[in-house]
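The structures considered in this document are given below.
Both of the next two complexes hold chain A, though its partner changes from chain B to chain C.
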Partner chain A sequence: MSFTGPVVTLDGVGKRYGRHWALRGVDLSLSPGEVLGFIGPNGAGKTTLIRLLAGLVRRSEGEVEVLGSRIGDRGLTPDGIGLVPESPQFIPYLSARRNLEFLAAIRAVARSAQLTTVLERVGLDPKDRRPTRKFSLGMRQRLGLAQALMERPRLLLLDEPTNGLDPAGIVELREIIREVAGDGTAVFMASHLLTEVEQVCDRVILVRGGSILKEVRRSEEPTDKTVRVVVSRDADLDALEDWARRRGVRLAREGPDHDASRVRLVAVPASTPELIRELVREGVDIEEVAAVRRSLEQEFMDLVS
Partner chain B sequence: MREFARLVRYDTLTGLSGWRWAAVPVVFVLAGWNEISWLQANVRAPLNLWDGPLSMLLNGTVVIWVLALGFMLLVGDRYSQDRSRGTVALTLIRTRSRTSWWLARVTSIGILALAFSALGLSAALVVSAVRLPLELDPSAAAQGAWQAREAPYPRFEGLPMPAFFGFVVLYTAVALWPLGALVVTASVLSPQLYIPLGAAVLWTLVEAVALPGLILRDSDSADPFYHLLYAAHFTTPGGREGASWVWSACVISTALACAGAIGALKLRRSDM
Partner chain C sequence: MTARLISIETRRLVTRGRFWIMVGLTAAVGVFNLLDEESLRFGGSFAIAGGLGFQGMAPLVAGVVSAGALAEDRSRGFPALLMSRGLSRGRYLAGKAVAMALAAGAASLVACVLILAAGALLLPGGEIAGERPPGPIPSLFAAQPLLNDLVAIGFLVLGTAGLATSGVLVGAVLPNEYVAAGVPFVITIALLFLLSGSATLLSPFTYLELGREYVTVLPESLLPVGGVIYWVCFALVTVAAGIVAAKWRELQ
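So, the complex of A and B:
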C-alpha cells in the first residue's frame, strides 16, 4: 500500500512524565520521500517523539497518525516502520547476519537475499562471522541501520544515527538516507549534530524543552539576507556603520583579521551587486564582500539566545 | 502462532547471553563437591555418580541460595536490561500485540530455566563422576528404603537412573520457571534496575526463614519455592503423605498465569 498523503501527522501532541512535559503542542506532518530533522539539545524531547511515532510511548494529549493508523493508548506499532534506536544492542555471540535473520524471522518479511543486500548497503560484510560483541560502536550503529532497512520501511526513524560513526560512516549514512528517501520512504531523524542534519534534511525542526521553536525549509531562501564585508581603513568602517544606521541594517563586527576589519551585515535590503554599488557611492573602499548563508547553527543559537 | 514462536526463540537467544551463565557450572560444581563430601562422611553404603546431584536437591541451602536465588539473579533483570539496551524496542515494533510479546518473554524464561537446570545439574553430575564410581544403576545407598532413612534421596524405583535424573532436571526447571517469571514481572511493574535483584534477594531471605517450617508441616503448600523440592512428592520418613503432582502443577501454573496476566496488563499502558 502506498501513501499519497502524509506518512506522519501530529496534531497538538504532548507527552508528560509525571509533572514534566517532555513534549508539548507538537504539530507536524511528514510526506513520503521527505527527510525531516528534529534537532535540539539533550532533553529536548527528541527520543520521546521517535518512540511516540514508533508506538512505544503513549501520548498524553493530541493526535498521532502514522502510516494511516491512529497511534492510540494501546501501544501498537503499525507495519512499515523501521527504527534505529540510540546505541542499539544485539545478541552478542551471534554474527551480524544471524542477528538480522532472527529479527527478520519475527515478521517473516525480509528474505535472505535482502539481508545480504542491506548488510552490504550499510558497509558490513555479509560473510563476516565475527560475533557482534566484537563490533565497534560504529559497526553496531551500521547493524542498527541494517535491521531498520531490511524490511523496506515506509517510515524510517533514526535516533542519533551518527553516534559512534567515523567520518566515512557519516558520509555513507547521508548517502543511504538520500537513497532511502529517493525510494519514497519518509525519514525522521533526531540529532543534536546541527551540521549533519543540515546537510541531509529537507526540513528541520528546531526544538527546545519539548516545544518547537522554529521550522526551517532548507530549500527556502533565508528571510534575513546576510553579507560579510571586509574593509581595511577606520574611515571605511565608520562610513559603513553610518550607512548601516541610515538604512536600518544590522551590523555585527566579526573582529579584525590582520589589517582588515570584518563586519557582518544582517537584513540587507538589496541584492549583493546593488549593495556593492551603494557602498561605493558612499565612498567605502571594499576589500572583500561575500553573501553569507546563515547556518542552522546560527539560526538555532539565535533562537536559543 | 509462528510470530509468537519466533519471538520466544529471539528472547531465549538474547537471554542466553551474558557472563552470568559462565558462573552457573562453577557454582554447581562447588555445591556438588560439598554434597559429595557430606555423603561420603555420613552414608556408609557405597555411592555412585547419581547420588551427588540428586542428594544435593534435598539440601535446603543449595535449593534456596544456589538454585532459586541463582536463577532469579540470572534472569530477573532481563526486562530492565533489555529495555535500557534497546532490545525491547527492536522486538516490540515487530510484534502485533504487547500481550503476545510479554507472553513470549514469560515462555522464554521457562526455556532458560531448563537451560539453567540442565547446565547446573550436569555440572554437579560431572563433579560427582570424578569423585564417585561411574554406574548406570542406582547405588547401594540409593537402593535403601527412603522412608526408613536408609537412602539419601527418594526415587521412582522402576525408572532407570539416567531417566530419573532427566526427570528431576525437567521438574526442577518447571518449578524454577514461575520464580523467574514473577521476579521479571516485578521489574515490569517498576522498571528500575535494582528492583528485580532486590525482589529476588528479599524473597529468598523470607523463604530461607519460612521454607524449613513448610517442609516439616505442609504437603499442600501454595508457596512456589516449596515445589522446587522434588522430594516433597514422596512420603516422608516420618510417614507424612507427599504433595501431589497435580497440586504442584496447579501452584506452578497459577503463579505463571499471575505473572502473565499482571505483566500483560501493565505493559498495555506502559511507555517502553
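So, the complex of A and C:
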C-alpha cells in the first residue's frame, strides 16, 4: 500500500516517567521519502520518541499518528515499521541468517532469497554460520539494520545507527539510508553525531531536555546569513565594529589568524558583493572574505549555550 | 502471529541443549528412585514412590528449560523487534507463556516416558505392595494402578508447565534470566516451609508430592481434579499478573 499523507504526525506529544518529562510538547510531521534527524545530547528524549513512534511506550499527552493509525491507545502498531534499536542484540547461538529467519517466520514475511539480498545489502555474508555472539558491535548493528529492512518498511526508525560502525560502515549506512528514502520510505534517525546527521538528513530537529529547540531544513538557505571577514589592522577592525553596530549586524570574533583578525558577521542584510562594496566605502581594508554556511554543530552550540 | 510465535518459540526452547540435559537428569533421578524402592511394581511405581523425585525436579526443569526465556529475551531487547511489528504486549506475553509452559511440560513428559520405559524393563509385574498412601487417586490405584500412574504423570507434566509460567511474571518485572530460572524452585521450597495447616492447599509442593502430601491435604472428592485446577489457576494468575506488570511497566 503506497502512502501519500504524512507518515508520522505528532501533535503536542509528551511522555512522562513519574514526575520527569522525557518529552514535552513535540509537534512534527514526516513525509514519505524524507529523512529526519533528531539531534540532542544524552537524555534529550531521542530514544523515548523512537519508542513512542514504534508503539513501545504510551504517550502521556498529545496525539501520535503513524502510517495512518493512532498509536498508544491499545498498544498496537501498524505494519510497515522497521526499528533499529540502539544496541541490537540477537539470539546469541544462532547465525545472522537464522536470526532473521526466526523473526521472519513469526511474522510470516520475507522469503529466503529476500533474506540473502538484505544481508548482502547491509554488508553481511549470508553464508556466515558464526553465531551472533561472536559478532562485533558493528556487525550486530548491520544485522539490526537488516532485520528492519527485510520487510521493506514504510517508516524506518534508527536509534544511534552509527554506534560501533567503522568508517566504511558509516559511509555504507549513509548510502543505504539514501537508497531507502529514494524508494519512498520515511526515515527517522536519532543521533548525537551532528556531522553524520547533517550529511544524510533533509531536515534536522535539535532537541534538549525533551523539547524541540529548533528545526533546520538543510536544503534552505539559512535565515541568518553569515560571512567571515579577515582584516589585519586595528583601525579596520574598529571601522568594522562601528559599521556592524550601525547596521545591526551581530559580530563575533574568531581569534587572530597570524597577523590578521578574523570576525564572523551574522545576519548580514545584504549579498556578499554588496557587503564588500559597503565595507570598502566605510574604509575597511579587507584581507579575505567568505560566505559561511553555519554547520549544524554551530547552530546547536549557539542554541544550547 | 501469536500462534506462529508459540510454535516457533516452543521449537526453539525444546531444541536447546539444556532441554535435553534436564530430561536426562530427571529421568536419571526417577530411575534411581525406581531401583531404590524394593516394593515397586511396574504399574503403580509413580504412585507409591510419590512421583519419583519430581517434587524436586519439576521446579528445576521448569526453571532451566523455559522460565527464564522472557527475561532472556528482554535482556536482549528482542520484544521490541516483535512489538514494533504489530504484536501487542499482551499477545506477546500470552504467546510466550504458552510456549514456556509447553516446553517445560514436554521436558517433564519425555522424562516420565523414559522412566516408564525403564520401569517396564527393570521392575517386576505382579502384586503391588507399599506402606505409603498411594496417590494421586487411591481408589484408581487399587483398581488400575497403571492408569493411576498416567494420571500422576499428567499432574506432574501440568505442574512443570505451570511452574514455568512464573517466568512470565518474574521476566516482566526483571530482565534477569537467572533470577527467573531460579524462582520456580525457590517458591516451591519456600512455600513448603512457610505454609502450614490448611494453607498447604496453596503450596506447589502439595501438587508435586503426589504420594503423601496430595492425598492428605486435599479432600477425597477433589483428588481427580485438584491438580488440574491448581496448576491452571497458578498459570492464569501468574500470566495475568505478568501481563498487567508488563503493561504497567511498558515492557520492551
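Everything that follows uses one rule, which is that the second predicted complex is superposed on the first by the 305 of 305 C-alpha atoms of A that agree within 3 Å, B and C clash if a C-alpha of one lies under 4 Å from a C-alpha of the other, contacts with A are read in each partner's own complex, and residues count from 1 in each chain.
Going forward, a contact is a pair of C-beta atoms (placed from the backbone, for glycine too) under 8 Å apart; a residue touches a chain by one contact, two chains touch by 3 or more.
Keep in mind it's a predicted model, so treat the numbers as computed, not measured.
Engineer: For the combined arrangement obtained by superposing on chain A, do chain B and chain C clash, or do they fit?
Structural biologist: After superposition on chain A, chain B vs chain C: clash.
Engineer: Could you tell me if A:107 is touching chain B, chain C, both of them or neither one (first, second, both, neither)?
Structural biologist: It touches chain B and chain C both.
Engineer: Considering only the touch criterion stated at the top, classify A:170 as touching first (chain B), second (chain C), both, or neither.
Structural biologist: A:170 sits against neither chain B nor chain C.
Engineer: Which segment, 38-46, 110-118 or 128-136, is the chain B region that clashes with chain C in the superposed model?
Structural biologist: Here chain B runs into chain C along 110-118, and the other listed stretches stay clear.
Engineer: Which residues form the common part of the chain A surface touched by chain B and by chain C?
Structural biologist: After superposing on chain A, chain A residues 51, 54-58, 74-77, 81, 83, 85, 87-92, 102-103, 105-108, 147 contact both chain B and chain C.
Engineer: Going by the contact rule at the top, pick out the chain C residues touching chain A in the complex.
Structural biologist: For chain C paired with chain A, touching residues are 1, 4-5, 8, 12, 75-78, 80-90, 247, 250, 252.
Engineer: Hey, which residues of chain A end up touching chain C in the complex?
Structural biologist: Where chain A meets chain C, its residues are 51, 54-58, 74-79, 81, 83, 85, 87-92, 102-103, 105-108, 147, 151, 157.
Engineer: Would you tell me which residues of chain A are touching chain B in their complex?
Structural biologist: Those residues of chain A that touch chain B are 17, 51, 54-58, 73-77, 81, 83, 85-94, 102-103, 105-108, 147.
Engineer: Spell out the residues on chain B that touch chain A in their complex, using ranges where they run on.
Structural biologist: Touching chain A: residues 2-3, 6-7, 9-10, 13-14, 16-17, 85-87, 89-98, 267-272 of chain B.
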